[in-house]
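Think of it as A, B, C and D in the order they're written, each chain with its own count starting at 1.
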């Protein structure tokens, strides 16, 4: 066990998988010599060399397109897109090929690649560096969309993503990269994709969140308990898609109330699917409308205004209170 | 008044706008000499010449990227993407620039362009030619997402889209291109963007749909009335985003039950947002969970299986019946 | 402090060996074994006849829309004949003949364009990617496969096909650029058939040739007469050998012509003249190759006649087998296969929903 | 039936006029009026000092991360000085000096990197697009503007800037290709500063030069010493004149160096040697231009000293004004402005929600 930041934990995941499995290669812009602009691939090139830790030309479609070829051949490419805000350059390759080659070849080929990208706001970044658009990938058949919420699950999920036989988009909450440390076991640890976790048990309301929002939600849940005597159950999705909704349904059946939190724009965002699943599976248990605490349907603001854009503990607490009053 | 197919009506919209306003130019692959692979831009080049009806090189990002420049300069480019399944090639240009230049320049520039693309299934097409992924655009701030359901509203909405000062993605239900004719007035007609319509009044259940699904929904509604005595109110969204939800709320307050229909994959699809809006605005009136009749979360199948993938009147009728029993 | 020319390592060449009339430039004539020459001829002819028959089937609505290859037989076979079975091939959508050469069963073509995913299956052992429809996107996969081959120290090469239109897509350049930077063992074959649906080559790019696009990425590029199977073969052989021996990628522009429709949904009369098509029909790759073989004493008119009969029978057999398979009941639930290695719970649920729907449909049908 | 070279219309040249030591090739020396020479010098110097001051502000956390331009002053000004006010300019994100030359208030730079959208405002009359961060994407906008200019029969041209890294993006090629096909009056300026964050030019492409990438699209391409303001000016003038007179687009590779950080979040020591930086520091564009001006009798050391004082004061004034504006209360609701021409109902509702949130926050704050 070592206390690690999420950056270190992700680095460990790649390092250990590369040691174990020579099919695993890392590619992206500045992932080699520089170790990634956030240092997530730090020093991998020293251990594994230029052939396995590949500094690519500046072309995202090129990165994913070549990774698809490598994956088809039998490698396990882990691609870094420098910021999720630039992942739209890969959209056609992902949608048309990574997610479909298994189907198109009727099972002859599959595309076990991982697209890692830091996502989300709260770090006073430039334009395009704070977006949260996991819904695009979640709505795309044939790809899994994973978002960890802490160093330990980040490491375990990334290992699972690398081993997964199908493409995985892995968004890393950059606000949590160095926000806190957690014990991470030295020995191998995985977490199954497609399985949410109960981050906190409670009976009064269910809060569903993921990624960087988890820290705020946990803060809000503490305060709700301490100051207002409200016991919130918190579910951390971990895998956004394919969305496993039984745990949510069970929780809502118990609490009768739910609040969904994400930083992505509200409309047509991930929260909408969660609301719909709740309606489909636990409508008759619901005592109040499900609330969505989210980013707004606008361009993500620059740093002077971003704190007003982002959900925060206060907004979450107020939403829970309203839901309980309703 | 002339009886027109949707293809002819769309052609009329462009022709009349081009006659009226020399800022309007059309560009895309095969839109000129060939008149578009579906003939939507048929003969425009004869009237307006190569400068205004531009056959571009085969590069979607190039089409939108240059159209952004033209729009910033003051033109009103109407771009055709040959199939919506290839619109992912433009995603980064649309997300990063078309939707943001007004904001980024703080109002100095705006980007009045239209992206037209045929979308949807049911025409026995090849891979990538049947998708329905309006949710990607609907979730993107700064762009309007419009889908007509018949020749007359297609024409009126396209005129409004061309005149709109901001970018509009305009998906044309290719299954309806020549499916039926409607009277289309010779003189100018527009429909405001962002306004759904009640396609049929009823008290028992609200069905929300758009695009090619409208034909099926109307068929189902007739049969529900005739064979089962169920009066369905049908809402045709016309504009998917920004979604105007008051009409939906009012209807659900009246009927207490709702079914949403789209051909897009279900999860994280447009239906999820509609469900969420219903929950937010009319939860306490709901007597049954809202049902979603949609495509599945898989690769759209080739023609031998597509009829099993697509929603049809039977599925809609059964869903309504279940909703009423619930 | 000069204004001086920068010397570039590559010049763009044009290669032609066997002309329209069947005359051969013996100095450049590649050394192809007789059996291979005859096999190439048979496959060219078979490809032409199959294509004609497919057009027929489509017109009778027995299959859906498909892209004919008429005129591009030499351009495909001359290239792909240089590959070993262990090499890889990454086609676009107009390389049916190259796929057949590599071992794809012709039935699968009919199944695929008949609307059955099963026709897209790639048999174990055939190292080809399936048909790729999004224009320009597949060349990057070839480059990635080449990078993996290099990583695995294998002696294989990758060949990828695409059209003149595809060279306008950004992904084409990203592919050439990655191939250059990583010296990926790829042979890029641009089948410049002069048209991208209705857009002529001259409107596709201001460049004089497609071949010169290689210069942007520091690669050798060559233009060949794509209706001259000897030239295509010779240029490709050079490129394949270069790639195999670690010399990196090459771009070959195969200058050919689409004598038929873009797809069966297309009407070329809208955009090109009959004269142009007639002029190009004179450059048909098949007659000139037959003249060459006859002049070499390898082929007679009689043998051609026999071949035609043989091919006609083969094609009929293929059509029969394919139609039989298409008449068998399709399992609608098959559409859920191959989404993921394992169906996740939400898809299991959707599949069950569909099963339920199917049973209801059957019930209703039995009521009618 | 030959194997013959294809003649291409363009060769790639290299241009240098004023060398590192300040020696000038008088045969090539462009004819620039003295006032303009002096103005260029002043702006170069002012750009350098402003850049240094910004680094300072950033280190003190008074602004956020930004991309320094140190070393690229000649490369930007030599190019943009050829534009008229009615011409258009489409920058990437490392052209602050070009933007200032065009009239962007320096305060706005501080505001923008201080986190205020207001700093991105483009004043009426300045025909420049705002900063574009997604690499390689903005050149297409320039091509479209050029197409619109042509459609409107205007005598204007468009200049667009981008880095060496940007030339790997597919959009770069789509831009060159569209520009070629439509003969859009665009001057493409690639500031090849040898690095794209940590990736050196040599790993960005296997091509010997960036300039030769023009050949792929049938355009003229030229490489110039980007630290030589005379060469940049002369080559750009030629290109601007060609574009203005209907001769179409040109690609100019301005061979320069980023002497400073990629952005203030970057640590170049991780990927490049101090020696390399030192070598390039010797090629600094400012001293050699000063030598040239001194040799021409247009500038003295004393005048340089005066200029430095003047500039220092100007910069201080800019910083003061900007910080004053940043201290003023920001209106959070401003984030809803400029999403659409008119806010649709759903956004009006979200805006009201935020208003409500803000009032609650204020209430809570007043309780504390």
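Of note:
In the analysis below, a contact is a pair of C-beta atoms (placed from the backbone, for glycine too) under 8 Å apart; a residue touches a chain by one contact, two chains touch by 3 or more.
Remember, it's a predicted structure, so these values are computed and weren't measured experimentally.
Among the pairs A-C and B-C, the greater number of C-beta contacts is found at A-C. Ranked by distance of CA centroids from subunit D, the top chain is C.
Each chain gets one centre point, the mean of its Cα atoms, and the points for subunit A and subunit B are 30 Å apart. Taking each chain's centre as the mean of its C-alpha atoms, subunit A lies 40 Å from subunit C.
With centres set at the average Cα position, the gap from subunit A to subunit D is 35 Å.
Multi-chain contact residues of subunit D, defined as those touching 2 or more other chains: 117, 133-134, 168-171, 174, 177, 181, 203-205, 339, 346-347.
Among the residues of subunit B, those in touch with two or more other chains are 57, 59, 61-62, 85-86, 89, 92, 96, 103-104, 127-128, 141-142, 242-243, 267, 296-299.
Those residues of subunit D lying in contact with subunit C across their complex are 1-6, 8-9, 11-19, 23-25, 28, 168-174, 177, 180-181, 183, 203-209, 211-219, 223, 248. Put simply, subunit D touches subunit B in their complex at residues 88, 90, 117-118, 120-124, 129-134, 137-149, 151-152, 170-171, 174-175, 177-178, 181-182, 337-341, 344-347. Within the complex formed with subunit B, the subunit A residues making contact are 85-86, 88-89, 91-92, 95-96, 99-100, 103-104, 127-128, 133, 135-136, 138-139, 141-142, 241-243, 264-265, 267-273, 275-276, 279-280, 283-284, 286, 288-292, 296-299.
On the side of subunit B, the complex with subunit D involves touching residues 25, 51-52, 54, 56-57, 59, 61-62, 64-75, 77, 92-93, 96-97, 101-110, 141-142, 144, 165-166, 194, 242-246. Residues of subunit D that touch subunit A in their complex: 64-65, 112, 114-117, 133-136, 165-166, 168-170, 196-199, 203-205, 265-266, 270-271, 326, 330, 332, 334-336, 339, 346-347, 350-351, 354, 357-358, 360-361, 364.
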